[in-house]
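Would you mind keeping the following structure in view while I ask a few things?
Just so it is clear, A, B, C and D label the chains in written order, and each chain counts residues from 1 on its own.
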């Protein structure tokens, strides 16, 4: 039951994009096509899961430990360490992706390295730390937060692909209409409030 | 003090581990890429118009970096930008290549007879498949703006059912040329300023019955300036390879009887003002 | 003797000049269907619900309906005027009128005039026109308006007034809905009612979600029993103007199906999913949720299933897609009703599923003629 | 014969257009048109390559004399509709909206015939190849609409085996009743032609599919069909019942694969008019120079079916019907669903002209470029099961690639979608545009590939 709450909460109720408003940059940036959005969400799920696991481990075992009778509290290093880990992860993904799927790499463009500074990834690490989740809980939470991001960007990209064929007034073409759509989407997600 | 050392140590060890991991991945997954492609891509305008003949700027950058094409093939880049690319790669920028598009038709809805009632999709290609749209002439501009939609630079305006190119915005990418189902749009040297605004090879009398703006092949221009104009059948054309391209004074001197031969500015003005007199 | 026919007099020949003949692509015939007529039929199908709403909630309901209609058509006209679109032709397709009526049916009776005003602007501008007008909107405009109002003005949007007949002595439950007993009557029929601003009551769903179980007793016994079901079915319950009276809504639904305007599967599968899910949950954990009959008859389920989920523009094209869409709506409605903060989840569920429509359309397209699932080698 | 108990075949999708149009003409017996002074016979009557003209201006020609010779496999001979003098080879308004070359024949009023071919009355014992050559020599083309040379259709590509011949007597287009009258008035010609085609192909399974609204034609054909071993299949009244793929599906329940031909599933489909022409060519030795044309429309004074020679200008056909009673706004060659709107009265009748229709402004479909409300009627109506509205929206938004992915190339252009569209969107035109564009792209790609 606890895990159900954790997952439903991460995917629907506290959706990273549509409820917490984190990770908006790639949400808007790579949602023009469903295929690239799926590639991006794959990368984000991967990074968030791994980053959650590693940062939770670091937070629990590396930032607070006792050595030779002295207790060290390195909490001030938290952000620094988290960014280090995330940056390294993203770097690895980038290298792998460039080799395995050059087309996707091209399509994701600048947004791939930008996952490093993606507030969603750092956000999930910080939220984990704040809630003091165990490594397993943090991994699950991270993974499903990523799934939540994936769900949001998948819905959004399919809507945008449809909107591309619509004929909005000139002033609303492109990003404005996308932002309005994202707003209405967030409204729909409001309905899930209180599920857990 | 020990806190400082421990934190430095923690950071250091972590950095080392992660650095090693990245190093290992690089070893297995590294893709060789030409850094010059990135460089050229950065210097290109990024309009992805396809005017160079490649599929987008990235393709063109690859072609330039590998020496297949010369940097000046990009119609959008200014001379300075082309030179910058050439300088960065250490290659020859290539001869001047600038072109502009011209819609060779003056049959706006006041000039040409709107003889066919057309009912259907507002799209030149679609209209062309059904009896050729609302205008009588089979060779002229249909005026539903496929070229205007295709133009990435917003350089084409449809005035009174006739597409007119704004020369100051046109870069000569040629997208409109492919978009036009009739082949009315031609690419001409950028420094030319006078054109024959007619595309119909039909007989003068037939043309005259369909459109007041068409070239009737009177040959006045060819007689006056044989180097700069050629007449084939009933259609005069500007000889764009001539030493000196015709300008305002030649136009003034010839006084084309139908106004098919006009300077760019004059053509635009007359289209802009067409029909205003009739409304009054 | 010559065989020529040309000598014959050309009589009765009044052919127009050949250049006045219309050129167009095939086909040259069309059925009598027309966008404006479709919307008109929708309005006709809505009329029973509108009439029931006015009957049960009286003048305040009529006022809200009129406000909503005027504001929606006005908002549409204003936008078209500002955007340089043909005003009369856009209004002539009646879609704004449909939106206005549906929005009114989704509002509680007796809300002040600015509620339908905000709702109309949200629905017409943000929900529809910003996307390019009828046909381009991915979300149901009415729901954009309603959900926007629900989030922005929760207090106003959950202040309900009792339906006609609820104040009578025969009504089974007064106290549970927050109304005074008829003996100490303060209803809108009496002079005292004029002194208070509004007579309010609770909706069955609202009561159900807040009711606490007495030890050893069925938690929802007060609101969920056969006597109440009868009242709910007739429409004697608190709620939005158009959502209470089941017979009127069902009649509207039948009309829509007869006019061939909706896919009958959508309301059936939507309501069916809610019914089946709540039946299962009620069977195993009766204290968690009321019976399916209660769920089907209360709240906006019928209105949503018949009129909102079936909106052509925002529901999937293919039959399979429609079924998936409807089942999704049903699941989310049930989940929100049982576990969510909001007592009612129909609007949210449809809005959410609207966002899924492009994906459903992409993944569940009809297989064209000649394409077999596995190409058989002959 | 108890018809109601018989199983009526059909297909999925499709529409039920208003049936009133047929009543204008389907009880009118076929009239033979009087001889005209002048015929303008289109040089290219057939799909494929234009035949080579073998006469010169000034030549005297006789009726049935060869005017143009097939210039390849996918090409058809052309014969003179009457005797007279060739005035010239001129440009006339063509049926597709673009000017086309035509042979201008001034009739001498005598209508003298030559005997171009020897009749083969005992064709059952003749060599199939001989009969096939006769079909080719007589200049036969598909008379249903596409005017594909019949010889090509009857030459089965190597590696394919056909076992079924289906005659298309569905005539599902509203307003048209030419095939109906043909079947009713000369059932034996149709049946004999079918039997000859069967003999050419070596097939004995022959079906004639007819929509049940032509019950009199069904009864008439059934009187003789057993003599020829031909089965009459009543079909439901549903458009486009007469489309090859749908017809094959309805009658023998085989599914022609996308992009495939009927021969891929062992079928050959021929129009009943073509069958009658085959019978004439073989048993009487007459080439194809005339056909039955429905001249109809509410605005016509006296609509009816006329036997018209090829090259008859449309204006004459209208004159035969006594002119108009109300101002028409549209002139259509062919049926109202797939025919072509014309903007000239001088367009000549050709071998595939099944109808000449005049519509008033009120009757003709008036297209609007409104936006789609996704009502899904076009999807229900599409006999090919395409999501027409999504395709059209994609094409209008410039996403031809999306349309291609969603099988726009399978579109029959039958017009069912535009017929039912409540927004009156020009769906067929949009889809046709995309098809042309995709074909162009594919040709360009193929050219680029072969160049490499």
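Here is the rule we use: contacts are C-beta pairs under 8 Å (C-beta built on N, C-alpha and C of every residue); 3 or more make two chains touch, one makes a residue touch a chain.
In this text, all values refer to a predicted model and were calculated from it rather than measured experimentally.
Undergrad: Please state, in steps, how far chain D lies from chain A along the shortest route of touching chains.
TA: Contact-graph shortest path, chain A to chain D, evaluates to 1.
Undergrad: More C-beta contacts across A-B or across B-C?
TA: Looking at contacts between chains, A-B has the larger number.
Undergrad: Work out the mean Cα position per chain and let me know which chain is farthest from chain D.
TA: Here the answer is chain A, farthest from chain D.
Undergrad: Measuring centre to centre with CA averages, how many angstrom lie between chain B and chain D?
TA: 43
Undergrad: I'd like to verify one number: the distance from the centre of chain B to the centre of chain C, where each centre is the average of its C-alpha atoms, in whole angstrom.
TA: For chain B versus chain C, the centre distance works out to 50 Å.
Undergrad: List the centre-to-centre spacing of chain C and chain D in whole Å, with centres computed as mean CA coordinates.
TA: 48
Undergrad: Could you say which residues in chain D touch two or more other chains, in rising order?
TA: Correct list: 97, 329, 341, 343, 367, 371, 396, 426, 429, 432.
Undergrad: Quick check: what residues of chain A touch more than one other chain, meaning two or more?
TA: In chain A, the residues touching two or more other chains are 166-167.
Undergrad: At which residue positions does chain C touch at least two other chains?
TA: Only 19-25, 132-133, 136 qualify.
Undergrad: Which word fits the touch map of the chains here: line, ring, star, complete or other?
TA: Looks like everything touches everything, fully connected.
Undergrad: Over in the complex, which chain B residues touch chain D? Could you list them?
TA: Against chain D, chain B makes touches at 115-117, 119-123, 125-126, 129-132, 138, 149.
Undergrad: Applying the document's contact rule, which stretches of chain D touch chain C when the two form their complex?
TA: 12-13, 15, 17-18, 21, 33-37, 97, 107, 109, 111, 174, 245, 249, 255-258, 260, 301, 315-316, 318-320, 322-325, 327-332, 334, 336-346, 357, 359, 361, 363-365, 367, 370-377, 379, 383-387, 389-390, 406-407, 410, 413, 415-416, 418-424, 426, 428-429, 432
Undergrad: How about chain C: which of its residues touch chain B in the complex?
TA: Residues of chain C touching chain B: 19-25.
Undergrad: Quick one: in the complex, what on chain C touches chain D?
TA: Those in contact with chain D are residues 2-6, 8, 10-16, 18-31, 33-35, 37-38, 132-136, 261, 263, 312-313, 315, 317-318, 361, 365-372, 375.
Undergrad: Quick check: in the complex, which residue numbers of chain A touch chain D?
TA: Result: residues 164-167 of chain A touch chain D.
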